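Shared between the two complexes below is chain A, which pairs with chain B and chain C, respectively.
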Partner chain A sequence: MSTHAQPTTVRGTAGPNAGHENKEVGQDRKAKTQGRWAATLILPTVIVLGIVIVYPVVNAIIMSFQQDEGLDPVTGSFVAGGFAGVANYVHWLFQQCPAPDGGTTACSPGSLGAQFWSAMGTTFFFTVVTVVLETVLGFWMAIIMARTFKGRSALRAAVLVPWAIPTAVTAKLWFFIFAFDGIANKLFGTAILWTGSEGPARTAIIIADVWKTTPFMALLILAGLQMIPAEVYEAAKVDGASAWQRFTQITLPLVKPALMVAILFRVLDALRMYDLPAIMTGGANGTTTLSILVVDQIRQGFNSAAALSTITFLVIFLVAFIFVRFLGANAVQSATGPGKGKGK
Partner chain B sequence: MKARLNIAAAALIVGAIALSGCAGGTPAASSAGGGDAANGLNDRGPITYVQGKDNSNVVRPLLDKWNALHPDQIVTFKEQSDNADQQHDDLVQRFQAKATDYDVVDVDVVWTAEFAAKGWLQPLKDTMAVDTSKMLPATVKTATYKGTLYAAPQTSDGGILYYRKDLVPTPPKTWDEMMGMCSIAKANNIGCYAGQFAKYEGLTVNVAEAINTAGGTIVGEDGKPTLDTADAKTGLNNLAAAYKDGNIPTEGITYQEEQGRQAFEDGKLLFLRNWPYVYNLAKADGASTVKDTFGIAPLPGKDGPGASSLGGHNLAVSVYSKNKATAKDFLAFMTSEETEKFYATQGSLAPVLTSLYDDPALVAQLPYLPVLKTSIENAVARPVTPFYPAVTKAIQDNAYSAIKGEKSVDAALADMQNAIASAGSQ
Partner chain C sequence: MSISTAKAASAAAAAPHLAAKRRERWANGRTYISAALIFIWCLLPFYWMIVTAFRDVGYTFDPTPFFTHVTWDNFTTVFSEDLGNHFARNLLNSLLVAGVTTIVALLFGVFAAYALARLEFRFKFLVLGFVLGASMFPGVALVTPLFQLFTNIGWYGTYQALIIPNISFVLPLTVYTLTSFFREMPWELEESARIDGCTQGQAFRKVIMPLAAPAVFTTAILAFIAAWNEFLIASQLSNESTKTVTVAIAYFAGAQPHQEPYTAVMAAGTVVTIPLVILVLVFQRKIVAGLTAGAVK
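Coming up: the complex of A and B.
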């Protein structure tokens, strides 16, 4: 953008006399008014972010230290619970539930509190397995799509279809496919109860998730692949590098920034997986993820749910931090522009 | 250093977006609403009626009729989604905001106690009293919390037994008799019995039926769990044993209402526990192979008809409503005999008025009514407790494990008992 355009607009707002002033003073004031002007322009965004992000987060954290409403045994109506300290966090992390005598006791199976660690395990299991599968398959699809051949654009469009379908619809489709009388069993001539026990239920969800999100990985990786200049490959060929060497020595290192960002996005997405297990199994048979647990808890008490979502938030934050800090997923710096690659 | 801070900040924002998606609702300031309940009792004016998706278009014609008669007290229809959880959450949000724009609300029978305990529903007593003497007692019980009526029963629903009359000439009266007939199913190479045994609300309905039929209860009058009885054990054991013996087919634990109906219509089941809606479909569906070969009967019990769980909806008045006199009249209008008849014929929704079950014209149109009447007369409401979400969760998780045989019936009932007790002592 031309720097000459800005003073005009700034002076225009500063008043008709602005143009007559000493040049140095003008520079000074320009910087000042420009700063103010910039702040004014940014303000709406800050306010919106404050309303949609800061307020709910702060409110959730405040709520997480309040006790859920309890029932007054005499009147039979609910009364506010008051300050709870860290009781809600203890409830989840140590699986302690209220006991009839007023104290706490280990949560019984069938209560949400008893499911925290298993839900955490399930969530990470799904995250690791689906992201690994999606990365490998996505890479493979991206390499095919990067080649020049007839019908390439048709293939690229076709690959996008699963990603374009809303997840809830996808989940319902796979729900019918994996029903006992569904296509999956008919096709393979099996009689598996896909949603009836842990192994098959998890497999079914992983298949559905990989089907849906591999195109997303493929497209992000494809974008990375297309940044690599063809000359590098030609030079390597001249030097006698094999196809495998070209892949490991050129493609992988050069595509890594794009790949890490893609993996980061997928990991964060997978950690809050909700719709697929919620619709396909309803969380039965070891498929309850943290998000499903949060939504279930919302119906049983907001404050406890706020504590749980704060824990989920911290977990996701930690994972994102590790990715960005130690594994070099450069989502931040490339987003801020010229600083790209500076930190290395 | 600065870059590191940026990274941390960015990661924080990413996580924060995830969190802000989760945080819902505000801390409830739960004053029981004594003041609100006394407001607007004699006021009249326009009101809003809130209900889930009106699939068979019964509400709008009724509102047109009302509005023509009461031009100064127009009722506007607010239609919610067709998903019960979403309807529940929408109502909770509006009530927490003390919104005055929801006057008369349609609540599922299992939400009534929760909403009443939160102080959101107008007690239907004194000037707001509603005549329930002509209604089926079990339906009135679903609308009653701590001895006070909080809603007017409007539609009901009960489970009935569908059976293959070409294979079983007389339907079984008791559970044991039915299990005895399973050899007929085996001889014909079809499944014997199915209900709704997937892990969802339907499982609670079926387990409650099994336990109530055996003479047990899930929660007592005081809201405390009562699952440590021999009767409760017999009830759950009936289901677990049937699954173990193969009398409930293996795929039965994935069945919701529709999968069971499909299997029955395909001729793969001898007995099916389901709601009355299946009747017309099984008679008329092109794909149904049992059109002329199925019959209906009350659920089998211990020595008589079984104890069905109740479905259906109640109508309640919000305590925040400004025109409660109009709301009360509207309640009476919506539960009148004429309206109930319209609901039954137009929407196939079971009436709550005892007299309609014997109405010859109605029975001609809905042949399942007499059987349904027996079912509802013997029905038991699902646990009436303000902690219903926690109670149903405890039942589903533990009963599912017990039926699958992953857990003994004793352990499942003990865990159920503890989880319900814990939920009730918050």
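Coming up: the complex of A and C.
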């Protein structure tokens, strides 16, 4: 950043020593006005985000410690509201429901309370499988798109089409493709009821998700690939490095920062997956993700849903933390530009 | 590496000239095959949606890969008020919600991004972290408390009940994208304007704004697409009259009850998608730049 443009002109009119002092004072004053300017410009955004995010989250945390009012589905007796302690969290984490004797018992199978850990498992299953597939496929797509050939820009445009289609439409489109009489069964000569059981239902959702989001991954990786100077490859070629060696020794390490950020984005996005399973299966047959469970719970009790959404939020936060802390996916640093951000 | 090694290597490579050429042609061929595969994988499902959208409902599951039994009927069904579809209304709702969200996000985001890209101040790292964290925030964590809040204050089903939560993810996206765009602009021009006697505010308006217009425009497209495609919040907080297109498509009513109206849904999907696809194809270069801005650099 060229912060010395003005002090330089000052130095031009005064002596070297005076100029030096002026520069210090000028920079100090400049930093102060810049700080004030920055605050004025940024504060509105911070306030707006505070209202639309921080307020609901704090609200949800407060709600999560309250008892849901209403008739108890098991005992039929009226349950008053009021402070509940960690009862809502115990309800989800240990899958405990109110028992007729006033204590708690294991939630009956099929009830929302009994689905927490399976929803957690489903969410992580979808996340790991889709992100691994998208990373591998995305890398391959990026490598192809990085080459120079006729029709390259047509390919890049084509790749954007799945990305631009709303997820709700994507879900309906693949729902149609995977219908019993649909094109998928005809194409492969199979007669699978795709949304009827766990394996096929999950497969259908994974394929739809991979189709929709691999382009995003590919474009991020492509942007990383294009930062690698061609000379590096030339040099390696001359040194006799094989294509595989060039990939593992040059491409992978150099593209790693961009790749990690892309993976981080995708992982956090996949952990909150809702649209595809909600529309394709309605969460049936082992496709209930945490987000779907929260939404199902909302109409059965806000406070309990708030506890579940807080757990979901914490899980996602924890994963993001692990990524940034231990795997070096520093999205903030790459956003502040090279060399900056560190030590601040 | 020394020049002599490079020369020696190139001389060695020149000897089996024909083999190298053949290998190169083979590599080119493989590139084209891969490119074709990606092209087909990305476009075939989209093509199938359009083919089905124009196909007579009686031939819904006809696997013929071309346009056969072409009809406009599905589009009539989509817009048929008699069947209980208010698709025109849904389109307007989406346009309104996504449009207002985009405008609000830009109004705030432009200034924040300018400060983040251009000014030195304490807590910059913190602010960027906050903005990034906000963009990754799970929608369900907002829907639960907002559902109760909006019900209590009588906002459930209103437009503002859809726009406000949308801002929570569109504004961070806007700030993030604009910040990386702004960082790459020729700011020397601002410095010269200031030397010529402009205040920082004047320099911003007269020099930077015109330069920044393309970046703002690209960001607006990305913000609009993100808001237009939103489903979770709209499905929970809208009512019959404020329902957006994504929700309408997910719960579409066909001519026959208890029968999934595949062709009509594909027609509705086509109506919603075609404008986006045209937008994306026209501004392909800018959108790719906007999508990847910030992730690398």
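Basically, the second predicted complex is superposed on the first by the 286 of 344 C-alpha atoms of A that agree within 3 Å, B and C clash if a C-alpha of one lies under 4 Å from a C-alpha of the other, contacts with A are read in each partner's own complex, and residues count from 1 in each chain.
By definition in this document, a residue touches a chain if its C-beta (ideal position, glycine included) is under 8 Å from a C-beta of that chain, and two chains touch if they have at least 3 such contacts.
As the structure is a computational prediction, the values presented were derived from the model and not from experiment.
Aligning the shared chain A places chain B and chain C in steric conflict. Once chain A of one complex is fitted onto chain A of the other, the partner contacts of A:E231 are absent, as it touches neither chain B nor chain C. Of the two partner chains placed around the shared chain by superposition, chain C is the only one that A:L219 touches, whereas chain B remains out of contact.
Contact with chain B, but none with chain C, is seen for A:E69 once the two complexes are overlaid on the shared chain.
Put chain B and chain C next to each other and count what each touches on chain A; the higher total goes to C. Of the two partner chains, chain C is the only one that A:A171 touches; chain B does not reach it.
In the superposed model, A:G35 makes contact with chain C only, not with chain B. Stretch 146-154 is the one of chain C that runs into chain B, the other listed stretches 20-28, 38-46, 110-118 or 146-154 having no clashing C-alpha atoms.
Chain A residues in contact with chain B (one complex) as well as with chain C (other complex) are 52-53, 56-57, 59-60, 63, 179, 181, 268, 271-272, 291, 294, 298, 302, 305-306, 309-310, 312-313, 316, 320, 331-332, 335-336. Per the touch definition, chain C reaches chain A in the complex via residues 1, 5-6, 9-10, 28, 31-32, 34-35, 38-39, 41-43, 45-46, 48-49, 52, 60-61, 63, 108-109, 111-112, 114-116, 118-122, 124-125, 127-134, 136-149, 164-165, 167-168, 171-172, 175-176, 179-180, 183, 187-188, 191, 194-195, 200, 225, 228-229, 231-232, 235-236, 245-247, 249-250, 260, 262, 265-266, 269, 272-273, 276-277, 279-281, 284, 287-288, 291-292, 294-297.
Taken in their complex, chain A has these residues touching chain C: 1-3, 5-6, 9, 31, 34-35, 37-39, 41-42, 44-46, 48-49, 51-53, 56-57, 59-60, 63, 140-141, 144-145, 147, 149, 151-169, 171-174, 176-177, 179, 181-183, 186-187, 211, 215-216, 219-220, 222-224, 227, 235, 238-240, 257-258, 261-262, 265, 268-269, 271-272, 274-275, 278-279, 290-291, 294-295, 298, 302, 305-306, 308-310, 312-313, 316, 320, 331-332, 334-338, 341, 344.
Those residues of chain B lying in contact with chain A across their complex are 3-4, 6-8, 10-30, 32, 85, 88-89, 116-119, 145-146, 198-200, 223, 250-251, 253-254, 259, 262-263, 386-387, 389-390, 393-398, 400-401, 404, 407, 414-416, 418-419, 421-426. Here chain A touches chain B in the complex through residues 52-54, 56-57, 59-60, 63, 66-71, 75-81, 97-100, 102, 105, 107-112, 114, 179-181, 193, 195-197, 268, 271-272, 281-285, 291, 294, 296, 298-303, 305-306, 309-310, 312-314, 316-317, 320-321, 323-325, 331-333, 335-336, 339, 342-343, going by the rule given at the top.
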